[in-house]
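Structure first, then comments.
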Amino acid sequence: MKDVSKSAGQTIRDVALIVGGGPGISSSCARLFAHNGMRVAVAARDPDKSVLQKLEQTHGVRRYSCDASEPAAVDLLFQNVVRDLGAPTLVVHNIDGRVAGIFRKGIAEADPSMALDTLRNSAFSAFLVGQQAARLMRENERNANGAKGTIIFTNASAALKGFPLSGAFAMACHAKSGLAQSMARELMPEGIHVANVPIDAAIGWTQEDGTRAHRLAGTTVDDNMADPDYIAQTYLQLHRQHRSTWAFEIVLRPWVEKW
Amino acid sequence: MKDVSKSAGQTIRDVALIVGGGPGISSSCARLFAHNGMRVAVAARDPDKSVLQKLEQTHGVRRYSCDASEPAAVDLLFQNVVRDLGAPTLVVHNIDGRVAGIFRKGIAEADPSMALDTLRNSAFSAFLVGQQAARLMRENERNANGAKGTIIFTNASAALKGFPLSGAFAMACHAKSGLAQSMARELMPEGIHVANVPIDAAIGWTQEDGTRAHRLAGTTVDDNMADPDYIAQTYLQLHRQHRSTWAFEIVLRPWVEKW
Amino acid sequence: MKDVSKSAGQTIRDVALIVGGGPGISSSCARLFAHNGMRVAVAARDPDKSVLQKLEQTHGVRRYSCDASEPAAVDLLFQNVVRDLGAPTLVVHNIDGRVAGIFRKGIAEADPSMALDTLRNSAFSAFLVGQQAARLMRENERNANGAKGTIIFTNASAALKGFPLSGAFAMACHAKSGLAQSMARELMPEGIHVANVPIDAAIGWTQEDGTRAHRLAGTTVDDNMADPDYIAQTYLQLHRQHRSTWAFEIVLRPWVEKW
Amino acid sequence: MKDVSKSAGQTIRDVALIVGGGPGISSSCARLFAHNGMRVAVAARDPDKSVLQKLEQTHGVRRYSCDASEPAAVDLLFQNVVRDLGAPTLVVHNIDGRVAGIFRKGIAEADPSMALDTLRNSAFSAFLVGQQAARLMRENERNANGAKGTIIFTNASAALKGFPLSGAFAMACHAKSGLAQSMARELMPEGIHVANVPIDAAIGWTQEDGTRAHRLAGTTVDDNMADPDYIAQTYLQLHRQHRSTWAFEIVLRPWVEKW
């Protein structure tokens, strides 16, 4: 009997790049990936925010500055990561892209330029990041699971259902799903695992010390909210799946969530 | 027994605006809508193409110049239509948005600026057109079917499935579906019917004289390809549906299509 | 320009068979089909209920006794309809199949024999009716729309989403959708139009005199509930669709319905 | 940082029941679950087949005789498992239910009694097994992941798409999905994890010695076919998911599969 619990990735040193960096999924991924022996890079518009500095200090995570909606910036990011850490074997696109100014605005009231920014921040940056990842991973060797690499798109419930008062966000999340599907059908037969992971829930951060928090101060965080440490665990499992049984889409939601 | 075959729209003079103008669905819609007593406007980047001039001559269709990916241009278009014909009661967004240069290109080879143009041409223009339609229709009176207006988005099979070698088009079509869903949930309870119509087929034009044609010269067009005269008929039926039984999405495909 | 409003069905005398007979969709269909020149048959477990007797008197509808979950009974029904009216060109399976005893019961409390009855009443009877319809329609001539016949399955929102406390009904409605899809892919290329129509709403009957009613006495019926006269209209439109643009699934819901 | 790789299930001794027993997924699950410290039971119509006897000898798996389409037999099975091993914390319904006699038969030719048997074998047995599991798990204590138990339904690609020439199988697989969804919405808020896992592939068995095989002798098995050892791994991961991030549905397919 083969030992399916053994990480096949251990034969090749993994290089993980997380695009989009904050205290939630990105931080949980960075910690878990580093803990599992990967070299880890995180890219953010502001790489100097304290939560990322902390990741560098505690887990040796490399920080990069990048506006992921700019083609040249994404190109440069991947060049720098290859130079510093080697070609990525795991890339996570973890940008939500919501623009605060049109949040909960009706279609008639939403500012068009903010709608376009939402598309650029989310779907277009996913295109740029996915493109660079695909270019590099094609040249990777296969690991013991038969994979040249894994590309994961974090997504939201708006990818599953277009809610009222959020037309721009529904566009962006649906677009990201469409891109992920197209890339999966194109790249899986080349040995690159592509996955779309809509999180159908509010996310409560898990901090370094294990306590939970939420961006809205005063919100009680419990297991009624998605715990990003477990989201990161699902990402790691996706990366380690054998190519005979790849999952393309996994929707994660807390036990009490209505759907 | 009520006469469900009678057009409830006949009590109010319909004003139809078709955004995107070519020899296929737009022309078929323009002819059918005019034939059913509507005032009809068609907007296109080049409103002087011969097929649109012909529609003006034979069916009194008004032509407008509009780059539908520009907020100011779409704003002006609706102002002009209101001034010339009155507030629209039926708006069809019929822009495919494909950019020839990345057609059938792999994700690694696709030009990012063309990917962004695809999003702007298709999804973002749908947002702009839907927004103006929603603003105006809210002020309309209800017709005999209980509707203040109908907004129809023509879509493609890439809205249902992300195909390989077409990541940008998959993004754009999925985005349009997400927008349509969000608008439907928001606007239907206000009496505005929103519909998404993915055409899962190649489309063979139906010309004025009833003969069929295709943009690829020499292609034999038969009922193996979607006939836009019948697509237009479905759009008219959607517009005339009573609000007790609205359809949000109708996928149309020829009898022999694989799916 | 071809006249798409003209019924292509008029060149061949349509024979419609509605399986499942009550005061809602079945009665509305029977009246509309008869009004449009079809010979109409309705089959029910109890064909002597007053609403069906009335349909016979006012619209010449033929009544048949049939337990549609019994293979031999369905076989005999179709034989009798062919003998009396000719081979059907339009068959509507309009049986909900819910068993009152397990309605809103949790999975742990639901009586297994009632769950099996739900499957038999709904999905299995749909299989039997669809099978007989397919056998006969294959021998039909094509009408002006290119169709040998139309098979429509009325379905419910439980086909779209498995709700809690209704596992058996979710099974049955999903099964009916799966059957309809398989039949569509198999029979459409033979010229038989197969459609699945989930009604995502409570249905308020429309009576002969145009007033609305509901099986729960005292319920106010308005256009917040699906009007079966308009459901019947959609069925007629599906039957008359040209085969270059067939719809497989149309979800109908009232304008105010949450989804 | 919490150790997400540690099995939370280790604090409570897991009891796994696999309903349906053959050389593929059932055997892989039995071996993996036993290897991870669970007490394992397998139920099959013929529990004396050599592959199950081997599982008993090598992994201490308990064998039970059960026709899972019979309410009384399923009731007795769960009683016996509780008596012998304790209340189950993980139940896998792994019955395909296909009836050979209607495999690849057209809707017009398929034997109705075989169609009903398909429904009974697959969907109805899933209902019976799910019902007993729900009754017992409600009384379980919560484990460290917050779960009282996990119910997993193995499903097929016919759950995602109704293929031609397989109406009965499409009904059964869709029905199983509908049941799983209904149960998930009902039971997850009670702390019971319900999952539906369509395998979109042919499955090549993995034998005790690690070699691959297929029920069609002479078929070459490679990672172009789903490896049930990895399917079992996904089931174990589902069982160990923390309830803050439960997945309901995971479709597994080999890297080269068309979809």
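A, B, C and D label the chains in the order they appear, each numbered from 1.
FYI, a residue touches a chain if its C-beta (ideal position, glycine included) is under 8 Å from a C-beta of that chain, and two chains touch if they have at least 3 such contacts.
Quick caveat, the model's predicted, so the values are computed rather than measured.
Counting steps between touching chains, the shortest path from subunit B to subunit D takes 2. If you lay the C-alpha trace of subunit A over that of subunit B, the rotation comes to 180 degrees, to the nearest 5. Work out the mean CA point of subunit A and of subunit B, and you get 35 Å between them. Centroid to centroid, with C-alpha atoms defining each point, subunit A and subunit C lie 46 Å apart. In whole angstrom, the spacing between the mean C-alpha positions of subunit B and subunit C is 30. Taken residue by residue, subunit C touches two or more other chains at 185, whereas all remaining positions touch fewer.
If you draw each protein chain as a dot and join the dots that touch, you get one closed loop, with every dot joined to exactly two others. Contacting chain pairs (ordered by label): A-B, A-D, B-C, C-D. Considering their complex, residues 71, 106-108, 110, 112-113, 115-116, 119-120, 123-124, 127-128, 130-131, 134-135, 138, 158-159, 161-168, 170-187 of subunit A touch subunit B. Within the complex, the subunit B residues that touch subunit C are 1-2, 4-5, 31-32, 35, 146, 185, 188-189, 191, 193, 199, 201, 206, 208, 210, 223-227, 229-234, 237, 241-256, 259.
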